[in-house]
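First the structure, in the form of structure tokens, and then the observations on it.
Read from first to last, the chains carry the letters A, B, C, D and E; within each, the first residue is number 1.
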Amino acid sequence: MIAIPHALAAIVLLPLVGFLLNGVFATALGGRRFNNRLASIIGCGFPLAAFALTVNALLTLQAGNFTPLIEPLYRWVTIGDSSFDVAFYFDRLSAIMTLVVTGVGSVIHLYSTGYMHDDKSYGRFFAYLNLFLFFMLLLVLGRSMLVLFVGWEGVGLASYLLIGFWFDDLANARAGKKAFITNRIGDAGFLLGMFLLYRACGTLDMDTINAAFMGSAGGVPMVSASLVGLLLFVGATGKSAQIPLFVWLPDAMAGPTPVSALIHAATMVTAGVYLVVRMSGVYMQAPEASQVMAIVGVATAFFAATIALVQTDIKKVLAYSTVSQLGFMFLALGVGAYGVAIFHVVTHAFFKACLFLGAGSVIHALGGEQDIRKMGGLRTRIPITFWTFVVATAAIAGIPGLAGFFSKDEILWYAFASSRGGSPWLWGVAALTALMTAFYMFRLLWLTFLGPSRMEPEVETHVHESPFSMTGVLLLLAVLSAVGGYFSIPHFLESQVPLPSIVVEREHYERTLLIVSVVMAFAGLALAAVMFGGPATRPERIRQAVLPLHRLLSAKYHVDELYDRLLARPLVWVSEHVLLRGGDRVVLDGLLHGVASLATRAAGLFGRLQTGSLHLYSLFVMAGIVGALVWSWRHG
Amino acid sequence: MGLLALGSAALMLFLRQPMRVALALITTMMALGGIYGLLGVHFIAAFQVLIYVGAVMVFIVYVIMLLDVKEAEGSPRFSSWRVPGVVVVTLLVAVFGVSIWNSGSGALPGGTSAPFSLTQFSAEFLSRYWLVFELTSVFLVAAIVAALAVIKVSRRVDG
Amino acid sequence: MDRVQFLLGLSIALFSLGLLGLIIRRNALVMLMCMELMLNGVNLSLVTFSQRHADAGGAVLVFLVFIVATAEIALAIPIVLLLVKHTRSMDIGRYTDLKG
Amino acid sequence: MGESLVLNLLLWLPVVGTVLLLAMRGNASRARVITLGVMLLQLIMAAWLYARFDSSATGLQFATYLPWIPQWGVSYLIGMDGFNILLVALTAFLGPLVVLGAHRSIDKDVTLFHAMVLLLQFAMMGAFVAQDLFLFYLFWEAMLIPMFLIIGIWGGSRRIYATVKFFLYTAFGSILMLAALIYLVQSLAQTGGITSFAFADLYRARLPLPAQTILLGAFALSFAIKVPMVPLHTWLPDAHVEAPTAGSVILAGVLLKMGTYGFMKLGFPLFPDAARVFTPALMTLAVISIVHGACLALVQTDIKKIIAYSSISHLGYVMLGLLSLELVGIQGAIIQMVSHGLVAAGLFLLVGMIYERCHTRELSAYGGLARLLPVFSVFFMVFTLASVGLPTTSGFTGEFLALLGAFTAAWPLHVAGQSYPLILASVAVLGVILGALYMLRFALTFLFGAVNAPHQPLHDLSLRERGILGALVIAIFALGLFPEGAMAKTENAARAYRGLVTTSRLPQPPVPQEINRGDPVP
Amino acid sequence: MPGEDALIAMLPEHFLLIGIVLLIVLEVLNLRVRAALWVAVVAVSAAAGAALSFGQLGYAPPAPFLGLFSVTPAIFMAKGALLALAVPVLLMSRSEFKDGEFSILLLSSLYGMCLLPSSDSFLVMFIGLELLSVPVYALVLLAFRRPQSAEAAFKYLVLSGAASATFLMGVSLLYGATGSMNVETFAQVLSAGDAMSRAATVLIVVALFLKAAIVPFHAWAPDAYEGASVPVTAYMATLIKGAVLLAAVRVFGVANVSGPVADLLLVLPLVSIVWGNLAAIRQNSFRRMIAYSSIAHAGYLFYAFLGAGGSRQSAVVFYVVAYSVVNLLAFAVVPEHARDDERDNLQHFRGLYRRDPLAAGLIGIAMLSLAGLPPFPGFVAKFLVFRNVFAAGHTTYAVLGLIGSYIGIYFYLRVLVLMFMSADDAVSAGRPASRLSRMAGVLCIGATVLLSIMPGWVIARF
């Protein structure tokens, strides 16, 4: 370990430098080939450097037996006696997150060098990716909520840009816009929560706030923790695609696959989880908020899983599974098992990244084909992808021994037994979801790799295994998702975010539940095997059997249409007809023009009075004199 | 005498022929002159007769004769504003009448005063008011120039 | 009512009649004469007061009025002549080119 | 004192420039050069003054005082303080950009145009640095005339309607303001015994509440028209749409700030008690402006109108911050003023550049410009995000602080059981969603999708244009990332403002008798 | 010794008189008429110079003509200012009037004007008024370029005659009530209760309104202005109005308005402000528009009487000067046109800026100043007047008046719009005004600048 001044700042800023360099080269310099190589060097070099620094920082942390490193960078503003600093905060939690971000981030960059190899705006892609890393690191390393918020919005921007990366197709750009707007809705809540905290604590430094709420620093702030918690949670739902703001994530698959892997599976979408854990001090005082969080989480997990059952787009399936997994994490948060949530974040980062990249590799192999009904039989054609995919699938399905198994099992357990609002109901739903997860994942595996080939012939002709830059990454991630579970993060974090105590009379269920969840996993596997392993007509028959349900699911519960009808259209209609036509044009301008025409009419009247007849004029004079006299007479 | 003046003045408004109107006006002026005479300001009376009847009216009469064009045929005598005009004027007279009545004889001690003679007056005029006298001359000059100018214009218009 | 009031009333009557003449008579010359009538009315009151106050000022003003009246007529007549030259009519009611 | 001399130079330089222009008429290019020179010189001076400005000192700096109409207590009193320093800097900063921006778009009556721009610059500077009410009013009104001509001569097809509307609308406000200020000075003379128009003296005027209310009403009307606040805003879209690019830039960049500046410098501090009466109403209007402007921007089909309505929305935040009477909010409002000046100016310049190329303002006529004009699109994206208020841009600094101020001010009231302000603040926060909505809609149809634009092929931004926008971008990020320096300069002013508005100035009993509005007539 | 005093006290008038005599001689011998103009100019400027310098020196002779005529420095200043304003009128007359009568008539009219502010007796004031207006009847149709001139002259003559009669009636009633011709008596009886003096004051005020064209006694003004030639219109719109207002100031003295006439002074000016500004909106003749604007401005001028008596004269004089300067400025540069009635047709102002930038610029400035917009003198003048009104406590009327003035802005803008923003359809584009008129315009713009830069200094002089 080496002592580096401003190490944390360096970690954050390196990707920014990458972004700037690449941005300049990508836009200004047009030299294609040279440009691409340079872009990949810059684009991958800086994240890797950041990763190295992170490891180094972690060692430093360890050396200082885990007293948080605080590294002020500069003062943003001072107003009166309150000031907003830009400072970085490095403790166990942010250490883990940073490692994931930089680590997974770097490998995905490497992967992209292969995946995006012949895209015409290669440099721009890496610029955006670096930009994303910069903001993400800002998010996880920021000490003040303000800095966190900067990152928070920044990653939103990056995701907006990357989703709409292929903007020639308006649909992609639309998806990007949708993501941004939806996140903005969450951010509004976030802002309100932040204001509330500032009003209550007079600062936005999260460690201070937590301390204040834990009562360790004088009196507990005069504000309902649950209100703050809920407002922040609104922000989290936006970023982490929870009900009701999850709608953007599936559309976000419009972006290039590495983006889906990095942003919409591994890192950004878990920012919400990170936020909640970071503010755990507040949430521990906010049982109601936690309750809401748990319910929303489990509901999200369940619904997303049901939708995932019937998706036919390989990336859509993964997207909904991501939503579902995020639901699990929030369930964990809801029952106060913060460490566990982070645990799942990490494992999920591994296997979901692996899955997405695998999917990417498949798409790459099939020249852009994403519909799993047009796949199958790829096992032999692209073996590395297949095997890594198998491992990851097994992991997410919760097959014992793999990473997913540990994290998910702990979540289920705390959902059942946590003294912070754990309940059999939560567990039941979650378990059922786990079953579904196993099922749809294996369904995906089956339809993609096993069984007979359903590919278009001309696609089939040049199916090829991806280059090493991609497969290597797949292998690495597969390994991680296999062994990632053996490092028990919850206990690593325990000193910082203690695990909730267990309800005594439920303790002895642990063994049973363990068994049940294992059974669930294999049941899912079996179900998929039965369904898709057999004759091809069977799935069809089952589909016919539950047609209405199937339709509802494949229509994603019509949520998008609902929002469109309830929010988007009314807003536009009111603006157009009521405010613009009615308000501005008719009422306001109408009033104005009315007055104007009144004046001109009066002018016309006066003009007509001026007939040019001297007699009339004399009459005026006469009348004037009389009037004046009468008036004065009356007056005197 | 006063009634005569009033009557003929009223007559002015109703006579059609400008000439007769002129005659009526002359009558009025004569009557006024008489009144001045009775009031004892004889020189004013004299001026009244001399300047007005002697100069102004003669001039007007001359002009009337000069362009006594066929005004006779039925061009309307009155403007379309006679009714309101009459109304308003009666009002005016009424107001004035009341105010005068109110002002009462108290304000104006009716009675004796030295009816000043021509010599007195001219002495006053040329001593205290000589400036006015001067200014009058200036005014006359200006007036003459103006009149000449107008006549010149009309001549220019002719040819 | 005493004589002063009577004369005053008379003068005002003349004044008003003159003004009325301006309003209702169409013939230009008649209108001019009506102006003269107004001035005469004023004169009457002036003389009355001057005599009442035994002060020459009023008389001087009367004197001025004479002159002014003369001048105005001397100026007005040619103007009337001009008017008549253009439209062969003395009817002021017809001179309404300038209006609006 | 050197600085005050420089300040005077800074103020009068444009007039000199105008005289020069008119002296040597014709020759467009020379006119451009002279004007640009003047503007740059002014910018340098402004920068120097900015540097010299002592942020720790309170009150006026670089002041000049000359009695002007002594019998009325009118004086030529100008100076810099925390209130105007940033705005002066902004005005000076935008000046050269405006001239450069108009380089190609203005081709007829070039000399007159530049003369007008210079005069406008003069008037705006004057209005900012004036510390005497009479002087202020003079400049305030004088601004109208060049703007009237700029819109009316070089504007679009409905320019005359637009410019007359603009003029009459604004003049109406100022007439009432005139009445109010005369009355104010009179009553000051009768109670305080001093006849003076100097702000410093007027801040000491003690008026009974009814008088204050009416006077503030008059002032507020004229300021609210200038801001503009709903429902007095309908002149703005027309003016913006018809004005030439330079006109729009000045209008959005500086002119609109006059209204908020007026509120901050005059309206509220002069009549603190009435200000308290007005606050709920104005706050409501501010929030309505935010929402209304955003909603209308959402449905516009004319790209200039989108930005125009967005201005209405953004200035709503300024008002909100000013009304919060929280230091944070006030500072935020000031920054938001500047920020909006930069962002709106940038957007209008961009629109102008595209208009020069394609000659249409119909949004539907465009698409996929990101392919066609990459550099243009990058700039456009940056300004869009700044307008959305994305962190690290100045827009965020302003909005965030203003909203924070509004919220922190509203919360204790809510706790005290009066939640209306809190609701307003929350609605305002929701405004950020709408902001993203309309700007991204704009960017979406404008930049992305299938390539579509009239008069292709289009050449991307020239070096001149890149320079203009680059300068703005730098400023935007500087203000977004390191606002500390700027805000230090305004801090004392913000305190002074809060102090003035929060201390009541009702006359001590017995109430003096001079409040007879109306007349001896029974 | 009184002789000298008399001589010096009336020095400006004497200069004018000398000028008149010289001009008449020139006419009679009909020498080269070119000289005539310059003689007039010299005479007028000499008179103005004398008056101004006396005023500056603060020269005040002990009442040279007892109870008839007196001067104070302030009065000298006022005379001087108005006389100075006559110079541009003379200059711009050249193009219309080739021979000397114009100058003679103008000078004699000016002579009358000079009498007004320093008349102590109604005798002198009456002569002054007549001397002021009688030559103008002739002037109106002097440049007989259109038959309507005669009509205009006749209307003006008759109504102005009626005004004189009314004035006299008032005077005589006053005389009857007080037994004195002294001007001061008016101020004394202002608040007196008895019917006769009340009627007297009302009549006198009405007569002044008639001469100054206040609604409803305004009807003659538009017709007369339109019928007259441009320089004469300019003269009537500015100096005559100013002179009448000076007479009014003299009549009211320093007394605060009270009693019956107070209402008149409150209501009728307000009415004429609104009326004039509204009626002007639709006009198509520049002169007619100015006429209506002058009606409105007469309203502002009489507003000045509401203020405290002491501030009255300076306010009125300053307003008259500020208002006249820009009016003359506008008239001086109106382009020439073959047909007089076409000359000021506003439609010919379309795109004037392209044809004649100077004219357009100056007219534009004039319009803005008339509209009372800063930084032009019109604003300071308006401010001064309304300040006094506010100070006198007539807040409501002040506000109403200001709003009325706001209405006016529109038609002034309309002129700008025509000149600068309308396409130059060069149909019947007149030729630019003569060099002399432009010179007059330049003089006026100089004065305008002075007035805008140092109004305080100027006001202090009046």
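For the reader, a short list of remarks on this structure follows.
The rule is short, and it goes like this: contacts are C-beta pairs under 8 Å (C-beta built on N, C-alpha and C of every residue); 3 or more make two chains touch, one makes a residue touch a chain.
Keep in mind the model is a prediction, meaning the values are calculated, not measured.
Each step here moves to a touching chain, and the least such steps from chain C to chain D number 2.
Under the touch definition stated at the top, chain B and chain E share these contacting partners: A, C.
Taken together, chain A and chain D share the touching chains E. Comparing per-chain C-alpha centres with the mean over every protein C-alpha atom, the closest match is chain D.
Averaging Cα atoms per chain gives one point for each, and the point farthest from that of chain C is the centre of A.
The interface with the greater number of C-beta contacts, when A-E is set against A-B, is A-E.
Put simply, the chain farthest from chain B by mean CA position is A. Note on chain placement: the centre of chain B and the centre of chain C lie 5 Å apart, centres being C-alpha means. As a whole-number value, the distance joining the C-alpha centres of chain A and chain C reads 97 Å. Between chain C and chain E, the centres computed from C-alpha atoms are 26 Å apart.
Averaged Cα coordinates give chain D a centre that lies 42 Å from the centre of chain E.
In chain E, the residues that reach two or more other chains under the touch definition are 123, 127, 130, 134, 137-138, 141, 144, 154-155, 158, 162, 176, 195, 198-199, 222-223, 263, 282, 410.
In chain C, the residues that touch at least two other chains are 8, 12, 18-20, 22-24, 26, 31-32, 48, 50, 52-53, 57, 60, 64, 68, 71, 75, 79-80, 82, 92-93, 95, 97-100.
In chain D, there is no position where the chain touches two or more neighbouring chains simultaneously.
Listed by chain label, the pairs that touch are A-B, A-C, A-D, A-E, B-C, B-E, C-E, D-E.
Against chain C, in their complex, chain E makes its touches with residues 121-123, 126-127, 130, 134, 137-138, 141, 144, 147-148, 150-155, 157-158, 161-162, 164-165, 168-169, 171-173, 175-176, 179-181, 222-223, 226-227, 282-283, 288.
Those residues of chain C lying in contact with chain A across their complex are 19-20, 22-24, 26, 31, 92-93, 95-100.
On the side of chain A, the complex with chain E involves touching residues 599-600, 602-604, 606-607, 610, 612, 614, 616-618, 620-621, 623-625, 628-629, 631-633, 635-636.
Across the complex, chain B meets chain C through its residues 2, 5-6, 9-10, 12-13, 18, 21-22, 25, 28-29, 32, 35-36, 39-41, 44, 47-48, 51-52, 55-56, 59-60, 63-64, 67, 69, 71, 75-82, 85-86, 88-89, 92-93, 96-97, 100-101, 103, 105, 108-110, 113-116, 120-121, 124-125, 128-129, 132, 136, 139-140, 143, 146-147, 150-151, 153-154, 157-158. Residues of chain A that touch chain C in their complex: 607, 610-615, 618-619, 621-622.
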